[in-house]
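The same subunit A turns up in both complexes below, where it pairs with subunit B and then with subunit C.
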Partner chain A sequence: MYKMNMQDMPEMLTHMAELMDVYVPVRRGGLVNFEPFSQGVEVDLGTLKTVKSPKDFFLPQVEHLFSAQSQGSKLSVKPQDLPSSPFAIFGIRSCDSRGLEILDSVYLSEPVDKFYEARREKGIIMSLACLDPTATCFCTAFEIDPAEPKADVAMWEVVGQLYAQAQSAKGESLIIELSKFFQKADIGDIAQEQGAIREKASELPWGKLPLQELKSDRLLELFDAPQWEELHKTCLACGICTYLCPTCQCYDVQDHGTGAEILRYRCWDSCMYSDFTMMAHGNIRNSQKERFRQRFMHKLVYHPENNGGEISCVGCGRCVSKCPASLNIIKVINSLVVKADV
Partner chain B sequence: MIQDLMIERAKQLLLSGEITCAAGWKRGDFITDSQPAIFESLQELENLVYDKYCAANLSKYLVGLNLKEGKILVFLKPCDSYSFNQLVKENLIKRESVYIIGIGCEGNIRLEEMQGTELLERCLVCTKTEHVVYDELVGEQLNAREARSRFEGVLELEQMSSGNRYGFWHEQLSRCIRCNACRNVCPSCNCRKCVFDNNKYDTGQKASVSTFEDQMFHIIRAYHVAGRCTDCGECSRVCPQLIELHLLNRKFIKDINTLYGPYQAGEDISAQGPLTDFNAKTDPEPGIIHQGGQADV
Partner chain C sequence: MCKQDSLIPQIGVITKVKTETPDVKTFSITDIEGKKAFDHKSGQCAMISVPGVGEAMFSITSAPTNTKLMEFSIKSCGVLTSYLHTLGDESQVTIRGPYGNAFPLEEFKNKDLLFIAGGIGLAPVRSVINFVLDKREDYGKVDILYGARSYDDLVFKEEISQKWPDEYKTQVHLTIDSPQEGWSGNVGFVPAYLRELNVKNDKMVIVCGPPIMIKFVLEELRNLGFEKEQVYTTLELRMKCGIGKCGRCNIGSKYVCKDGPVFRCDELDSMPGEY
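Moving on to the complex of A and B:
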């Protein structure tokens, strides 16, 4: 365990930014998102959640895969180089760093996604404990501890001090690199703060959810549940929930013709959109009810079925606070659990 | 209390068989969580709420519902009634298949993390204090508010140098994540198939290859709703990235007012819209087609 004065944080980040790209939460135009750090950029660690999850550092919304050019009868294909720049994300939260582990179970299992893998190897996650979990948070329902972030470097802000603990080899070498800013600290220094966080977290309104009721042996029953009819009714079919979600992971592959060449890229897809899973024969999910159901069945049933019971939600609450029609995974879980048994 | 009156009236109409369902709001999981809902039974109607958190404009939900049999009851705030009227004008809602109960509005609260105390921007500039269409009004009509001019922001932008204005919009629109919430919530965005959903062209909805495309999406949308946008403010309310989309729409409204005289979309459905009432002789900007293919320079 190490610590430093919060006042020295900008200088430390400036030093870090000489070694790698550093992304920090920044408030701009009334909202907080991750932005590149350079000297003078004001870091906002007080706001609990960024609007966007940090997943796009590993799974960018748009990613070029290759370009192709035809010269006479020949076609030359130029693959996109794998990302190779080291970078760090400073100040992400326990829920979002857990979100990356869920993306790992998809993108790092065979066949491994090389682009994602390269970014995971190059990226250092520095995660900050949540001093003040808010009513829309429900990470504890997924056994995520907001007082003990899992990351390369875990951090705690306690009375003007920033405490840091390396949790991986990458994290350790970074701390060594930054050793002139840090001094040794005792792990007991943060115990009181951790206790306070856990006490607040224990009072979260949705801290416990009846997830055990959604076992995959009920797959067909849940799929055919009459509740979907009611649940989806006011869904506007926008992509807010899927695009802000730290674990929504679907992508589409498209070609962009510039006249001179074809650019093949992939981009985030959303099961809320009308051409989601569109295939040559047509679409297998033609109604918004089916697409709405897909999102929640994927998170609560299909993903756990394929990944040892791991539910693909981290309780960040972005869908709770941002859905224009106020539909969200909590309402789905509660509805499926209560009514399906009747 | 207005909420009780609304529930009572909705129940009467449902019992009498005059309506088959009702569009309103119900209590979600927080005191601030008043979510749009469709009620089909007396029991469901018990959950109807009406408070300052009922921000969602229900007019657009009627576009889909309207295809079904029977009359629908809808609760409309004064500003929502403009959207409703505009949809009737565009033949997307059959007026005779909807029963409208007009309800008063003191403004809606802007929520962040489901908390908030301040009014939405649209409510700070609201002058739509009376319903333009309804079958009956229920409860006290507490609609009067001190409103500042809705064009203040547009004026500021107009006074900027073109470079600074471009910078402003570039910063705003580059935040866009193409979630399409502004489009999907917008009562004026009602194309059966949006050009940005058409995967046969490079106009696909999901992502942009460059920031230029985000700008194109918003500018085309603004052009397409020009003359029809009632300034209901739903686009700015739902944008997760807080893009000030209302400024784009209000620029068009302000220009239309200047060129064609004051016009409020949705106010009077018998009137021709300024951009659809075309007269080559008197139109202040008749366009190039009526100039024999030559632009007026």
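Moving on to the complex of A and C:
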């Protein structure tokens, strides 16, 4: 365990930015998101969550896969180089770093996604404990501890001090690189703060959800549940939940012609959109009810069945606070479980 | 080729285009050196693309025993497929694969086999038929029941009318939906012909065709006393990655591109019916 004065943080980040790209939460136009750090950038560690999850550092919203060129009848393909620059994300929260582990279950399982893997290898996660979990947070329902972030470097902000503990080899080398900013600290220094965080977290209104009822042996029963008929009705199919979700993983593959060549890229997509499953001969999910159901069944039942029970939600609450129709995964879970048991 | 990621294709060269029906053509494809682009098993698929037009998953219709090239029988029905139909010999496309599981040809050994296909649904089934006929001594009797809307819509005409019926212990039963001048074979839908043929229920069955045909064929098979464990079919969904990540072909906890496209019919019962 190490600590430093919060006042020295900008200088430390400036030093880090000489070694690698550093991304920090920055407030712009009233919204806080991760942005590149350079000297003078004001870091916002007071805001609990960034609007967008940090998943796009690993699964970018748009990513080139290769370029193709035609010369007469000859075609050639030039793969996009794998990302090779080291970078760090400073100030991720416990829920979002757990979100990356869930993406790992998909993208690092065979066959491994090399682009994602390269970014995971190059990226250093520096995660900050949540001093003040808010009413839309429900990470504790997924056994995520906001007082003990899992990351390369876990951090706590306690009375003007930034405490840091390396949790991986990558994190350890970084702390060594930054040793001139840190001094040794005692793990007991953060105990009181951790206790306070856990107490607040234990009072979160949705901190306990009846997830044990969503067993995969009930897959068809849950799929056919009559509740979907009502639940989906206010869904606008805008897809904002998918885009802000730290674990939504689906993508589209498209081509873009530049005149000189064709760029093949992948980009985030949403199972909430009608053309997601559209084929020349028709669509397997013709109604919004079916598409809405797909998103939640995938998170709550299908993904867990394929990944040792791991539910594809981290309780970050972004869908709770951002859905324009006030729909969210908590409503779905409660409706499915409570009514199914009646 | 740079084997950087499963999403990066290699160049494929069209070496032959054969017109099967007014809207189906069979494309022979090799790699840039004129060799087979990769090995495959019967039932597996490949992603074929024309950069700037699109990319889609197609079943490999040639058998794994063809080690020189791969064949794809493609119906013109969308943006990419109608573009492919404009391409001729020596045209270049991109190809990646193979994707998906395969028919359990080991398990089929020494058993009698019944193949049932409708329209372009014969394309994935043909790979199995030709594999079995190339290893004839390993398998029992072969029955092939194949139907299309009209005589003109029957694919692989040479094989279904000459090559396959001449094989040892192999029978081909053809049918078309409605009567046509010059057609002396059976007239009627595939499920009705299946009932008429009254086949013995001791065979393994491989079914592929339009969803409505598959539905009624499965019903007839049940009536004939077949168990679901004897029947295999393939599913077709929209796909983008081919490796179970992009999410499009997800049904229940299965990804059709990776866990399928071949499913045993009792497996389908544990999945939502979104196909």
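In the analysis below, the second predicted complex is superposed on the first by the 339 of 342 C-alpha atoms of A that agree within 3 Å, B and C clash if a C-alpha of one lies under 4 Å from a C-alpha of the other, contacts with A are read in each partner's own complex, and residues count from 1 in each chain.
One rule holds in what follows: contacts are C-beta pairs under 8 Å (C-beta built on N, C-alpha and C of every residue); 3 or more make two chains touch, one makes a residue touch a chain.
What you see is a predicted model, and the numbers here were worked out from it, not measured in a lab.
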item: Partner chain in contact with A:Leu327 - subunit B first, subunit C second, else both or neither; value: first
item: Which superposed partner A:Val41 touches (first subunit B, second subunit C, both, neither); value: neither
item: Which of subunit B and subunit C A:Ile262 touches, first, second, both or neither; value: second
item: Touching partner for A:Met278 - first (subunit B), second (subunit C), both, neither; value: both
item: Partner chain(s) touched by A:Met9 [first = subunit B, second = subunit C, both, neither]; value: neither
item: Touched partner set for A:Leu211, first subunit B, second subunit C, both or neither; value: neither
item: First (subunit B), second (subunit C), both or neither touched by A:Leu31; value: first
item: Partner chain(s) touched by A:Asp252 [first = subunit B, second = subunit C, both, neither]; value: both
item: Intersection of subunit A interface sets (partners subunit B, subunit C); value: 252, 257, 269, 278
item: In the complex with subunit C, residue positions of subunit A that touch it; value: 65-66, 68, 70, 73-77, 79, 82, 106-107, 111, 113-115, 216, 219-220, 223, 249-253, 255, 257, 262, 264, 266, 269, 271, 276-281, 284-285, 290, 294, 297-298, 301-302, 305-306
item: Interface residues, subunit B side, partner subunit A - complex; value: 28-30, 33-38, 56, 61, 111-115, 171-172, 175, 177-181, 183-185, 197, 199, 202, 204-209, 234, 237-238, 240-242
item: Subunit A partner contacts - residues on subunit C that touch it in the complex; value: 2, 4-11, 51-55, 77-78, 81, 90-94, 236-238, 240-241, 243, 245-248, 250-253, 270, 272, 274-275
item: Of all residues in subunit A, those that touch subunit B in their complex; value: 29-31, 48-49, 51-52, 61-62, 134-136, 205-206, 233-234, 236-240, 242-244, 252, 254, 256-257, 263, 265, 267-270, 273-275, 278, 317, 320-322, 324-327, 330-331
